[in-house]
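Note that the chains take the letters A, B and C in the order they are written out, and that residue 1 is the start of every chain.
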Amino acid sequence: MEAFLEIFDVFLLEAIISGILLGGVLALLALGLNLIFGVIDVTWICYAELIMIGMYGLYYFYAVYGVPMWMAVPMCIVLVAILGLLLHYLVIEPLLDAAPINQLLATGGVLFFLQSFATVAFGIDFRNLGIRLPVLAIGDMHFSYARLLAFLAAIGGMVAVYLFMTRTYTGTAIRAIAQDRHIMPLMGVDTRRLYLITSAIGGGLAGLAACLLVLQYDVHPFVGLSFGPITFLICVLGGLGNFIGGFVAAFLFAQIISLGGLYSDLEWGYVLAFAFFIVMMFVRPQGLLARRS
Amino acid sequence: MNPRNPALWLVAAALVALPFVYRQPYHLHVMVLILIWSFAYTSWSMMGRFGLVSLGHGGFMGVGAYTTALLWNHFGVSPWIGIPVALVAAGALALIVAWPCFRFRITGHYFALVTLALSGIVLQVITATRDQTGGSLGYTPERTKGSALAALQFVDKETWYLIALGVWAAGLAIWYLVDRSMLRDALEAISEDEDAAAAAGINVTAEKLKITVLSALMTALAGAIYCQYQMFISPDTVSGIAVSLQMVFAAVVGGIYVAFGPTVGAIITILLAEILRIGFGTKAVGWDNLVYGVLLIVFIIFLPKGILGSLLERLKSPSKH
Amino acid sequence: MLDLKSVDAGYGTFQALFGVSLDVKAGEAVGVIGPNGAGKTTLMRVISGLIRPRTGTIAMEGVDVVKTPAHRIIELGIAHVPENRRLFPRLSVEDNLRMGAYIKGARSKFGERLDFVFDLFPRLKERRNQLAGTMSGGEQQMCAIGRALMSDPKLLLLDEPSAGLAPVVVQQVFELVKRIRSGGLTVLIVEQNVQQVLHAVDRAYLLEAGTIRISGTSAELLASDTIKQAYLGV
C-alpha cells in the first residue's frame, strides 16, 4: 500500500476517487433527465429546481418537523414524484405537439416559478440539515461518509431503475414507447398514462438526488444553478436520451471537475468542464446528436 | 411605419422632449431601465424571431458589462474604446460557439442548451476571477474624476434618458433594416425548412452566423450601457440563466415577431417589478419572478405569439377568430 | 365478427376512404387487395383505432369500435400487425413479444402464449435475446406476427406482410398464415401481392382509390378478367 501511494501522489488519488463518488450522483441526475427526454421527448429545464424543492422538502421534514430520516427520505421522493407528475399534467401535456423550443421555454417558466416560490416561501438564507457525518480516512486521503453514502445510494437507485425497466411490463413499455410511440395503443398501452408514470419516476429520481445532495450541501432557492447546467451538459454530451452515454459523461465530467478543483479553485474546475464541453462540440458533435433513434 | 409619416416624427419629438418637460427623477429612472432592457430584449429577439432561441444571452450581456468595466478600472481605458472592445469580444464568443453549432446543424432546443452552457461558462469565469471581477459580490466601475463624457458616466437622468432612447431607437432601426433585407428572407426560409433553403443555394451557416453575431453585439452593448448607467454589476443581474430567461419571457409576452414586441415585454416586466417593489417593499423579493414564471407558462401554452403579436394577428385577419 | 359500414376516413384535409363497407365472419380469412395509395393501410388503422373514421360504423362482435378508446381496442380481440413490422428495434425479441402480452388478460397467459409463438416460429426462440432491429426482414415479420399473437386475439389484422421481403420469405409468411388459420384464428389481410394472398384467403375485396370496387370469393377474383389484367399481369 505504501509503495502504491508513493507512485501516485496521494492527493491526486483522493481527487480521482472523490471524482468517482461525485460521478455517481451526477449520473443519477443525468438518468432522471435522460429518462424524461428519452421517453417523452421533452426537456425539463427546471429539473434542478425540482431537486431544489426536494432538498427543502427533506430539510423541513427532518430538520424542522423532526420526522426520522428513514421516513423523511421516502416522503421526499414521493413529494418530488408528485411534482413531476403535476409538471407533466399541467405544463407538458398541453404542449406535447408544440415546437420543442416552446416546451423548453415553458419549463423555463417553471424554473422561474419554482425559484421565486422558494424565495418567497423559504427566504434566501442558506439552510443546512445540520448533520455532521464522520470522515473516512484511508492513509492520507479523506472522504466524507456523506459522499460515500450518496454514491452508494445513487448506484442503488440506478440499479433499481434498471431492474424496473427490464423486469416489469410497465418498465418494458416505457422502453418501448421511447422507440415507437405511435403503435403503443395497438398493444393496449395508454400513452398518456405511461407518460405520467415516467414523469413521476423522473420526479422520484430527482427526489432521491435531492436527499443525497442536501446531505452534503446547503440549500437555497438558487442552488439549482450550481448543478442544473452541468446536468444538461452531461446529458447533451452523452447524447440526450442515451442512458449509457449520460452515465459515462457523468463520470467524465466529475473527474474533470474534481481534478480541476484539485489544481485550482473550484470554479475553474467548472470552467474547464464547460470548456471541455465546447471543445467536444468541435471534435465530436455526434456525441451531441446521438439521441435516441 | 413609413419614415415620411409625420405622426412618427411627432411621437419621436415627444419622446425626446419628455425628460425636459417631466422631470421626476424616479420615473425617468424607470424609463431609462425600460429603454435599456427593451433594447436588450430586442437584441435577443433578432435571433429568437427566426427560431434561433438562445438561453445564453445573459452571457453576452455579462461580457459587454464586465469587459467595459474591467478595462476602465484596471487600465483606465475609456468606455468609448472599451465598449467596442467588449463588442468584439462578444462577437468572437458568439462566433466560436455558434459556428460549430450551425455547421453541424445543431438547432432548436439543442442549440438552446449549448447557449445555456455558454452563459454558464461566462458566469463561472466571472465568479472564478473574483480577485479581478469581485465575483458574486458584484463590481463597481470607479467614479471618474475627469470628464464625464470621456468616462461615459453622467449623473443627470436626462442625459441617460436621451442616450438610452438613442440606443433603443437604433435597435429598432436595425430591426427594420434587417426586416427589409435579404437576410430576413433567407432566415425565414431557413427557419421553415433548412434543407430546402440549403438546396436553394442559401448559405445556411453564414446567414445564421450573421444574425447571431449581430444579436450578440447588440446584447453586449446593452450590457455595457447598463453597466455605465447603474454603476454596479453582478453576475446574476447581467449574466446567468435568470437574465436569459427574463429576456425570453419579455420577448414571448410582448411578441417576438414584431418590432415593438420586446419593448412591450420590457414595459410589462419592469413596471411589474417596480409596482411590486413599491407595493410590498422587501417582502416583494421573488414575487415578480413568480409572476413571470406563471405568465411565461401560460403564454407559451395559450398565446405563443405574445400580446402584441396575437393582437396584430387578430387585426389582420379578423375572420379567423 | 367484424363489420364496417360506410366508413369515411382520412388524414387532415385528405380523405382516404369513401363509404367503405366490408365484413369478416368468424373463422374466415379475408383479403383486401388494391394498388399503392388505395387506402389499404388506412383501412387497417381505422379498424385498430390508430385513426378514427369521420363517418360510418365499425363493430367487433357487436361492440362499437369507434366509441372504444384506441388502447382498449386490443381488449376486444383485435390484434394489428402494422405495415413495415414496426418492431421495437432496441428491445429483444422476447421483450417485443412481452409487449404483445401487455394487457392484463394476456399477462397471466404469458408463459403458454410464449410457448405457442416459439412453437410456430422456432427461429424466434433461438434469437429470443437478440435485439429485434438486428434481424432480417423475414425474421422481423415473424416476430411482428408473433407479437400480435401473444394477446390470444380473435381477429388478426395483417398489413402488407410481404412488403420488402424476398419471394422465398414471402412464401414462408403465407404458409405461416395458413397454419395460424388452421387453429381457428380469423384473419384480415391487406396485400399488394395478389397471387399469394388470393391463395391464402377465402374471400377478398378490391380497394381502389378509397372505395370497394369488387368483392367475392378468391376463386371468383382469380378468375375475374379485371383482376387478371390489372393485377396479375395476364
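Here is the rule we use: contacts are C-beta pairs under 8 Å (C-beta built on N, C-alpha and C of every residue); 3 or more make two chains touch, one makes a residue touch a chain.
Fair warning: this is a prediction, and the values are worked out from it, not measured in the lab.
Participant: Which of the two pairs, A-B or A-C, is linked by more C-beta contacts?
Facilitator: Counting C-beta pairs in contact, A-B comes out ahead.
Participant: By C-alpha centroids, what is the most central chain here?
Facilitator: A
Participant: If you average the CA atoms of chain B and of chain C, how far apart do the two points sit, in angstrom?
Facilitator: That pair's centroid distance is 57 Å.
Participant: Just how far, in Å, is the C-alpha centre of chain B from the one of chain A?
Facilitator: 31
Participant: Suppose each chain is reduced to the average of its Cα coordinates; what separation in Å results between chain A and chain C?
Facilitator: The computed centroid separation for chain A versus chain C comes out at 43 Å.
Participant: Under the definition above, what is the set of chain C residues touching chain A in their complex?
Facilitator: 48-50, 69-75, 79-80, 82, 86, 88-91, 95, 98-100, 102-103, 107, 147, 151
Participant: Which stretch or stretches of chain B touch chain A in the complex?
Facilitator: Residue list for chain B touching chain A: 51, 53, 55, 96-97, 100-101, 104-106, 108-110, 112-114, 116-118, 120-121, 124-125, 127-128, 236, 240-242, 245, 248-249, 252, 285-297, 300-301, 304.
Participant: Enumerate the contact residues on chain A facing chain B in the complex.
Facilitator: 43, 45, 91, 94-95, 98-106, 108-120, 124, 221-222, 225, 228-230, 232-233, 236, 240, 265, 267-268, 270-271, 274-275, 277-278, 281-282, 285, 288-289
Participant: Can you tell me which positions in chain A touch chain C when the two form their complex?
Facilitator: So the residues of chain A in touch with chain C come to 169, 172-173, 175-176, 179-180, 182-191, 293.
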